[in-house]
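Each chain carries a letter (A, B, C, D and E) given by its place in the written order, and its residues are counted from 1.
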């Protein structure tokens, strides 16, 4: 176990931004960290990067409890791409070389490594190495910042929105780079991104944050309130088009439910079902995943629900984008967050 | 015609970042501005926002040539969300109210408008209005910056990566906000984003930049070199899996081609075709667009090609994600950029 | 108090530092109703302030410059009012052995032994007198000698420099008494040579020429000059004591008015 | 050595006994320094803003000149201003020599380069995106200038504090233009120099401590205002 | 008025005629100011860094004290240092009084608050993300400090230039600890004060212009270095 977090809490001026009872992170994997804005992703990454300490709780790294005075040493092997990434006020090549210089690498191998890193993020060293830090476009700067982390071949690489501002070609380059880091250098990687498509294509495991807590469900099908209590004991939300969602259980403080994509069925006819919820919608997107899984987005009223189907199921239903379809799930499938 | 640009060039230290012979922008539309990193999108937006002047060339706004001394006045009706958006060092509500205060709005209507703008980007005024500028997560800050532009109800709204760092729910809120701005306030909107899915769902028209020039083709199916000249006069690129792409015509300096999605056919069998290029691949993604169009992504070797099909064609082919398929296009379909 | 009668004087630091003016001003006010205010600087700058009409009256101690000042038409009514004298002071152990010698002998001895001598070197009345003594002793001013320290500063500071460097210096008696007072009677430097007749230090008052300076309060200045020469003021100067010692000797009655 | 301790003691005695001479000097000091810092900021901040914000040919030269003027000696300022306000100077009619406003003129001249150089620097250090942000929100002209100054407020505050420190501790100009006239233009610093020249070192130290006390109160208030920005 | 013009003229005459007194004073000025600024920066920049970078209880109080010390009057510094280096003081054996190194000690004390306050301020103004960036890249300890100083280099330069201006134009400490001794510790500023007290205003002005010329050359060089950052 690389990291173990126990009873971590992080407060900002009395507001709790992160609250994790237990979290274990294994080495050599690629983790995706997802969750809506303000859910505590950056807060968690900063603690894992030893930039911040939790207000309370214990962080174990490689089995030993992390004390403040160890943090500078740990930061040598754990590096983080900041969400608000910025460059040092020097040339591109000096930005990328900075960490290597710190670690006392000789200039010759350094130059080689710097060029390699720039190429990994799709920047030609010939064109970019000698540019000043401000002579870059937004996406170029973002990629230089990433290169200066990749070049370190760290034990742990924490990436906060690495693909923000980055174009599609570079996105897949970054994908390759991350996979290469994992495979060649056995780097443990934790990526935060709202670009779920991209994220799922790299991640081995997904952690979802919601309101500072880690929840078991995937990030999809999170439905906010308001919920109205019915006489039957169920709770009901009315969508913009008049359809209603019914869920059971006791509401949490956040008044938000989540439904696992695996609990959702799709059917071409909606008449007969024992499930409480049968909603009409249409397919907006279908995406292929490794293992012959297809992720299907269905637009229902003003929300989008996601279901996972096998390739065969897709073919049986003759599913295609734009097709009208019924989304079916039980009232008890919903989990209050 | 709202904007007309003639023979615009913008140099940075002798490097040409933007070169537009002619560009006309009509009022009341939503334009998408797409292109890879460093293609000049921000450079163009800054000129349209009257933040920068082109090194040479003429900018007409509302039919009259823009002189430097007019720019402060024009900036009253043209506002831009910067790519590297930042907040003023004051409370959230004061950030959003800033532009209104400048324009002399009375405090009462101002408060109302500020709250409305915050809600438009999905931030509850009760929770966020009194936060300090640094008490926000990355996506929250981005949305406050957007709110402070939306609140102005400007004549022209220029958005540079408005959805960077923003979660999926807020993304669709921003979508709504942009459409509302166009419809209620007749705002002309130009959006830059690498989030093409999102972009296509809002834009009326798409402008593509490549190396500082506007090109006619959409942003998709841009295939970089290297290209090898064959004896037949065609040029050939070998993909990672050994398949080859052949194109005709004379290479431009950039050595990049583009193929319009509408020139690409999909077929379940690849044997008989007069077209030079018949490539085997598989469907990775299918997305529904208004007007019964479906955008299909096909992974071929190490690149992804995009084709547009009608819903009926999708059904005829029984197309589904993960399905093996042939991509067919003529050598002459490629345009050298 | 717009109609308050205020007389502005430029003077040298010695009259201010010793507290003489703080002692005389209330008496002057009592007798004439005029408030005396002063700014204390070097004699050279005081004369310059007079030349520029920035003050009404001067109390200075450099007869040669004063005469030139009056001749140039900058001042009128120059009146000598008091004097004190110059003395040579040095470390109590007197390394050059000048105790009891006349000033010229003492200077010769100092030069011979290359004992440290600290000079004000600021063209002040004191400095003029020092140059005069070097001349009397038949020596050039030892400008670049290692042992000849030129401070270019006021008297008290120059004495302090001499004390730090365990050297000799020429000072007016008033300042020395003040210095002695600061050390509560146990000063590091003591009087080693005194009493030469040409070591007098004459103070005069001069009114700024009202013809050049219409704004100058000549009437008040004239009153002040008259008052300073009056028996009452002269007696007051006679009575002014520090540590029981007299600092200034009135001589208005014996001195001749220059104009 | 002993005069340092004696000085601290004396400072308390003077303050607590309400020594009239000392209080007059304190008052004169406060008056001169308030006037001076007011005009220095009113002139210096906009000038510093323009110098930091705008680009014009020769800007670097102007910056260098301002930087050089940080070395403006008090004697030069004193002489220069004296030339103007002496009764035979062009402003002689205003009777400013040997008055507190006269001193303030000199202090303003002395402190202006500090405020201009430091505020121009602070404006230049501001991220470019601050200016762009204000521009995109429609700020222009005076409002733009004010809000850029506001975004750089901690830098401006530092410029003001540095200039205030220079002004309140200044003695050369105060002596030359004020004349150290008792009850009128004697400030704490000129009194301090005067006492020291007389060899009254303990008294000089005492006055020095009183001056530092004032500076501490003024700057303490400013620091308190600054602390409001909290953890940022 | 006329002495201002006469002063400029005289400055050229003095410089061109190679007046020995003036050149000795110029040399003494350069020597004192170089020594002083060197030690001020060596002590002040790291202190300013620590004060700006670290958070500790009572930090605000320390900042306020440093800000107050910007008002440290030359007389107090002079007296204080004098107490230590006079022959009766604890450092009397070193014979520093009335020497240029003695003056430099005083100037360092005087200029330290400037460098500390301004550099702490510059460090605090640096975006927090600069520190985070350096930390994530593995910087720690001395290297971290140096690189943060480097990221704030224009602010540091400004602190140095301001301190240098203060030092080179300073006269009170130079007089008190140097003694204005001709051929030895007479600097341009003490000479200037001396000439002015003698009523030689034109000569005072002339020396003032020479001083500004030196300041301009020094700061011009620094500005040139700064200009290298170009359009940014």
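In this text, contacts are C-beta pairs under 8 Å (C-beta built on N, C-alpha and C of every residue); 3 or more make two chains touch, one makes a residue touch a chain.
This structure is a prediction, so every number in the text was calculated from the model and none was measured.
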| item | value |
| --- | --- |
| Chains in simultaneous contact with subunit C and subunit E | D |
| Top-ranked pair of chains - ranking by C-beta pairs in contact | D-E |
| Rounded Å distance, subunit B centre to subunit D centre (Cα mean) | 53 |
| Geometric centre distance via CA averages, subunit D-subunit A, whole Å | 54 |
| Mean-CA-position distance for subunit C and subunit A (Å) | 87 |
| Of all residues in subunit D, the ones touching two or more other chains | 88, 127, 232 |
| Junction residues of subunit C - those touching two or more other chains | 157 |
| Numbers and ranges of subunit A residues touching at least 2 other chains | 13, 84 |
| Residues of subunit B touching subunit A in the complex | 12-13, 35-38, 41-42, 83-84, 135-140, 143, 160-161, 163-172, 194-197, 224, 282-288, 292, 294, 311, 314-315, 318-323 |
| Complex contact set, residues of subunit D against subunit C | 86-88, 97-98, 179-184, 194, 197-200 |
| Touching residues on subunit E, where the partner in the complex is subunit A | 127, 129-130, 132-141, 143, 147, 150-151, 232 |
| For the subunit B and subunit D complex, residues of the former touching the latter | 49, 51, 72-73, 75-76, 79-82, 84-89, 98-99, 102-103, 132, 134, 148-149, 152 |
| Subunit E - residues contacting subunit D, complex | 1, 3-4, 7, 60, 63-65, 67-76, 78-80, 83-84, 88-90, 113-114, 117-118, 121-122, 124-125, 127-128, 154-155, 158, 161-162, 164-166, 168-169, 171-172, 176, 188-189, 192-193, 196, 201, 204-205, 208-209, 211-212, 214-216, 219-220, 222-223, 227, 232 |
